[in-house]
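You will see chain A twice below: alongside chain B first, and alongside chain C after that.
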Partner chain A sequence: MNISIDYHAHNNKLSDYNPQFKILLGILTLIICLISQKPFIPFLISLIMSSIIIFKAHIPWRFYLKFIGAPLGFGVLTLFFMAFFFGTQPLFATSIGDLTIYQDGLNLGLLVFSRMVGSFACLGFLTLTTPLNDIFSQLHKLKVPDIFIELALLMYRSIFIFIDESDRMYHAQQTRLGYNGLKNSYHSLGLLASNLFIKSWFKGEKVHLAMESRCYQGELRSMNKYSSLTLKHVLVLIFFEFSLILGLYLTSGLKLI
Partner chain B sequence: MNIIQAIDINYNYPDGTQALKNVNFKVKKGKIVALLGPNGAGKSTLFLHFNGILRPSSGEIKVENQTLDYKKDGLMKVRQKVGIVFQNPDDQLFAPTVVEDVAFGPLNLGLDSEEVDKRVSSALEKVGMAGYENKPPHHLSGGQKKRVAIAGILAMHPDIMVLDEPTSGLDPKGASQILKLLYHLNQEGMTIIISTHDVDLVPLYAEEIFIISDGEIIKQGNSHQVFEDVETIRGANLRLPRIAHLMEILKKEDKLPFSEPYPLTIGEARTRLINYLEEKK
Partner chain C sequence: MHIMEGFLPPEWSIFWYLLSVPVVIYGIFRIKKITQEFPESKPLLAVSGAFMFVLSALKLPSVTGSCSHPTGNGLGAILFGPAVASVLATLVLIFQALLLAHGGISTLGANIFSLGIIGPLFAWLIYRGSQNAGLPLSISVFLAAFFGNLMTYVTTALQLSLAFPLPSFGAALSNFMLIFALTQIPLAIAEGLLTVVIIEKIIQIRPDIFERLNIFKIKSVEDPIIEAGK
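The block that comes next holds the complex of A and B.
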């Protein structure tokens, strides 16, 4: 899953689009989603963001469905739970036992559900269209201490080597029936983990040698190449976010149920 | 002029085993030199001495006739001059994108961003990886990773490029692309040192060959001088190039009159065979 998110982040139609704009759009919209008191705007946001992801960035919709599937399922559960157990004003009684759907519970559930879907679409927009290195460079611009960014950067690269290595070991163990039976599986998993630890250690030392060979002095210098926002970007952002806020205001009196 | 020189190098691992024994190694400016040896012979250990990552227990390293200075500034200088390309590109490529990885060395040298940009794009151009700037290394093939690793060294404008097993793990096309690239770099004046155990490829490019076995240089010379001593070659867990082996068998088993030294490359064997057929007519 991680790998395909990374793949799509690097290979979609919006990969090269101004990262600052994407991050601001994603986060501001996310905030609006979270402060919303009615479910209308968050639902609208999830629609807009999902269409950008599918029709603008050309992320395959099957992949997007899988991506959003887990939180969506969790959201539906929450919705049911709240509708049945978090209210005082009964809407109607079901015939199953004495389960009752509550009106205020249902409203609250819908609000939580809509916020969840909306925020996840915003996050999806950010993670699926923005390569991680763009996010790192924006963090640098936001004056996040370099040590955190450097660590994140090295970790990001190592994850893929780590996954490759563990895959290879796992297959080698499977080849020799290492996961045959529960007890055996635990034993093999332990071996895999300890071996991975040792290998990572050695690998880390090698990477350090290679870095030293290229005059590493304990500090990663960056290229300082940040595309900044154009007037058009700023105007689009302001227009979009204010329309949403206006939407919040206009829908604040509406009642769904 | 010897651009790099190892004089009586001894090196012991922390556990006491002697990894290098009285190694003498010298390379003339502008040459392609191969260090040929089986696995575990000490090739990589010797290479790590060339830019001061490892410090010999005794003996000295000279770069451009100056004894290597292990102080911080001296190490910076020598690491700019002597670029090492590691065997496994995954050990070398650590940055999230190709362009950032290639820029790593030049940035460490303290160059301004304009110069860094220029060096990065020309290095990527040279290795044929222009257009991959913003790809993450894990989305590249083995050969592409290797070329990016070479670009990362090229961008530091070294005088000497040291490559540890540059063709290992590559498919035939990838390997020949790397060798062609190295040949071009050499034509432009770069001194190149390659470690390998690929005896078939070595005679094609190396002007001088050193054979290392168990931490000792046991033979040196051009490809014919080195490969004429079949006993030593086999004793070091190496073998003759396939072509030479074929000629040896034709002579010993089939009594064909091919005298030593045996041809080492396809081109040499071809001439020899044509001459033989002409004579027979």
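The block that comes next holds the complex of A and C.
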């Protein structure tokens, strides 16, 4: 398994940009995407966010296509599902069986599809440009309990170690035909998981020892290297979000189908 | 099964957030109390959370030929109890949204409710219930993980049909349930089997770990998993 999102979050042109601004931009735009009642603005948002991701952050477009591919596929499925089954006003009957495309179902499907694509682009902007440590240090400012953030930071560190470890165990089992057949697969996967749990447990104890020996007092501190928002950031945010809201207002009367 | 980013209408995202947050806060308070009493439990909880994340990313072979991922919430609930498991599940869900783009920020509340609260709660209740009924450990573990997984999907189906009650709530629910029943019952069985293998192997290899698990539990309850460590 590989977590390339994390790699890209640390290695893109926007990684060192003010995280507060990035998070606010991502979340506020996401909210606008969700409250939209027509599909136009969410589609516009997905275009804007995708171009920021590809042209500003320089995330490889092949990777981004793969990233956005999953929700796109799922969204198209939802669109068809809703158009065929979720409506009362028939738009036209198809010749395949007695399937009917419903007008209201199609409208709803398009709206949900656009919201998914738009908000997924916002999520992508957030996760692909902002390293997780920055996100957690911002959560700290939002008064999220320290214990929660500490657990998250410790977890974040351990995840990669365990992924390495589970990969190694998986390959070792596979070279010994551990995944040959369903029964073997279960046995091997169970062994892998229980071993991983045991190893992770002892690693946890060692981490605690290591922390204790470095004067751990029940509190982890991390350095915050970023200043807070400047006036320019605030103005850009207000201008961008308000033009989107204006767009929502202007498109609310338009009818697609 | 995660509800994808942007799938839920805003009022429902907020609704599920409002339901989930108090439970998670309660779990955080419990963890705070436990870690104050036993400082060594903090890294243990963190690595267990990381373990649940990695477990949920493993591919689980299923009878129908498709692949899915174990949710791990049955295991979490059996080992740590539902309150602590809900916090761990919340952390796992945040990492899944931010590192793997599974689920999302707006649907986090709904996903916490189904995967982090209802799943572990049912798993724990059934585990305790079948233990009190005197069933063997492996069967109670299987039942707990099976129903924990299944209830997660039932909750997800409920959430989806509440959000899109078209043409009516009942019709939408039966639509979603039908889709899930076909794919999820085999997966729930798979998860149940896997959880049994995991617990039995840990008891067999390192029973002493379970003694340490005591700290997460209510002391008076008799639990064969803790007994195994003594």
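In the analysis below, the second predicted complex is superposed on the first by the 250 of 257 C-alpha atoms of A that agree within 3 Å, B and C clash if a C-alpha of one lies under 4 Å from a C-alpha of the other, contacts with A are read in each partner's own complex, and residues count from 1 in each chain.
By definition in this document, a residue touches a chain if its C-beta (ideal position, glycine included) is under 8 Å from a C-beta of that chain, and two chains touch if they have at least 3 such contacts.
Predicted model, so just to flag it, every value in this text is computed and none were measured.
Trainee: Check chain A with both chain B and chain C modelled on it and let me know: fit or clash.
Mentor: fit
Trainee: Looking at chain A, does chain B or chain C touch a larger number of its residues?
Mentor: The partner with more contacted residues on chain A is C.
Trainee: Taking the superposition on A as described, I'd like to know which of chain B and chain C A:S213 touches: first, second, both or neither.
Mentor: After superposing on A, A:S213 lies in contact with chain B but is clear of chain C.
Trainee: A:R221 in the overlay: touching chain B, chain C, both, or neither? Say first, second, both or neither.
Mentor: In the superposed model, A:R221 contacts chain B only, not chain C.
Trainee: Look at A:M155 in the shared chain and tell me whether it touches chain B only, chain C only, both, or neither; answer first, second, both or neither.
Mentor: Second partner only, chain C.
Trainee: By the touch definition at the top of the document, which applies to A:I147: first (chain B), second (chain C), both, or neither?
Mentor: second
Trainee: Who does A:D16 touch here: chain B (first), chain C (second), both, or neither?
Mentor: So A:D16 only meets chain B here.
Trainee: According to the stated criteria, A:I101 is in contact with first (chain B), second (chain C), both, or neither; which is it?
Mentor: It touches nothing on chain B or chain C.
Trainee: Applying the document's definition of touch, where does A:R115 land relative to chain B and chain C: first, second, both, or neither?
Mentor: After superposition on chain A, A:R115 lies in contact with chain C alone.
Trainee: Rounded to a multiple of 10, tell me what angle the C-alpha centres of chain B and chain C make at the one for chain A, in degrees.
Mentor: In the superposed model, the angle at chain A is 80 degrees.
Trainee: Could you tell me if A:L132 is touching chain B, chain C, both of them or neither one (first, second, both, neither)?
Mentor: A:L132: touches chain B and chain C.
Trainee: Which partner does A:Y7 contact after superposing on A: first (chain B), second (chain C), both, neither?
Mentor: Once the two structures are laid over each other on A, A:Y7 reaches chain B alone.
Trainee: Enter the shortest inter-chain Cα distance between chain B and chain C once the structures share a common frame, rounded to whole Å.
Mentor: Nearest C-alpha pair, chain B versus chain C: 10 Å apart.
Trainee: Report, in rising order, the residues of chain A that make contact with chain B in one complex and with chain C in the other.
Mentor: 6, 132, 154, 156, 161, 203, 207, 211
Trainee: Within the complex, which stretch of chain C touches chain A?
Mentor: Interface residues on the chain C side: 4-7, 9-10, 13, 28, 31-32, 35-36, 39-40, 42-51, 53-55, 57-58, 60-61, 63, 87, 91, 94-95, 97-101, 104-106, 164, 166-167, 172, 175, 190, 193-194, 196-202, 205-206, 209, 212.
Trainee: Would you mind writing out the residues of chain A in touch with chain B in their complex?
Mentor: Touch residues, chain A against chain B: 6-7, 10, 15-16, 131-133, 136, 153-154, 156-157, 160-161, 203, 206-207, 209-217, 220-225.
Trainee: Enumerate the contact residues on chain B facing chain A in the complex.
Mentor: 48, 51, 53, 76, 79-80, 83-84, 86, 88, 90-97, 99-100, 103-105, 107-109, 113, 116-117, 134-139, 152-153, 156
Trainee: How about chain A: which of its residues touch chain C in the complex?
Mentor: Chain A reaches chain C through residues 1, 3, 5-6, 27, 30-31, 33-35, 42, 67, 70-71, 74, 78, 82, 85-88, 104-105, 108, 112, 115-120, 123-124, 126-127, 132, 135, 145, 147-148, 150-152, 154-156, 158-159, 161-163, 166, 179, 182, 185-187, 189-198, 200-201, 203-205, 207-208, 211, 218.
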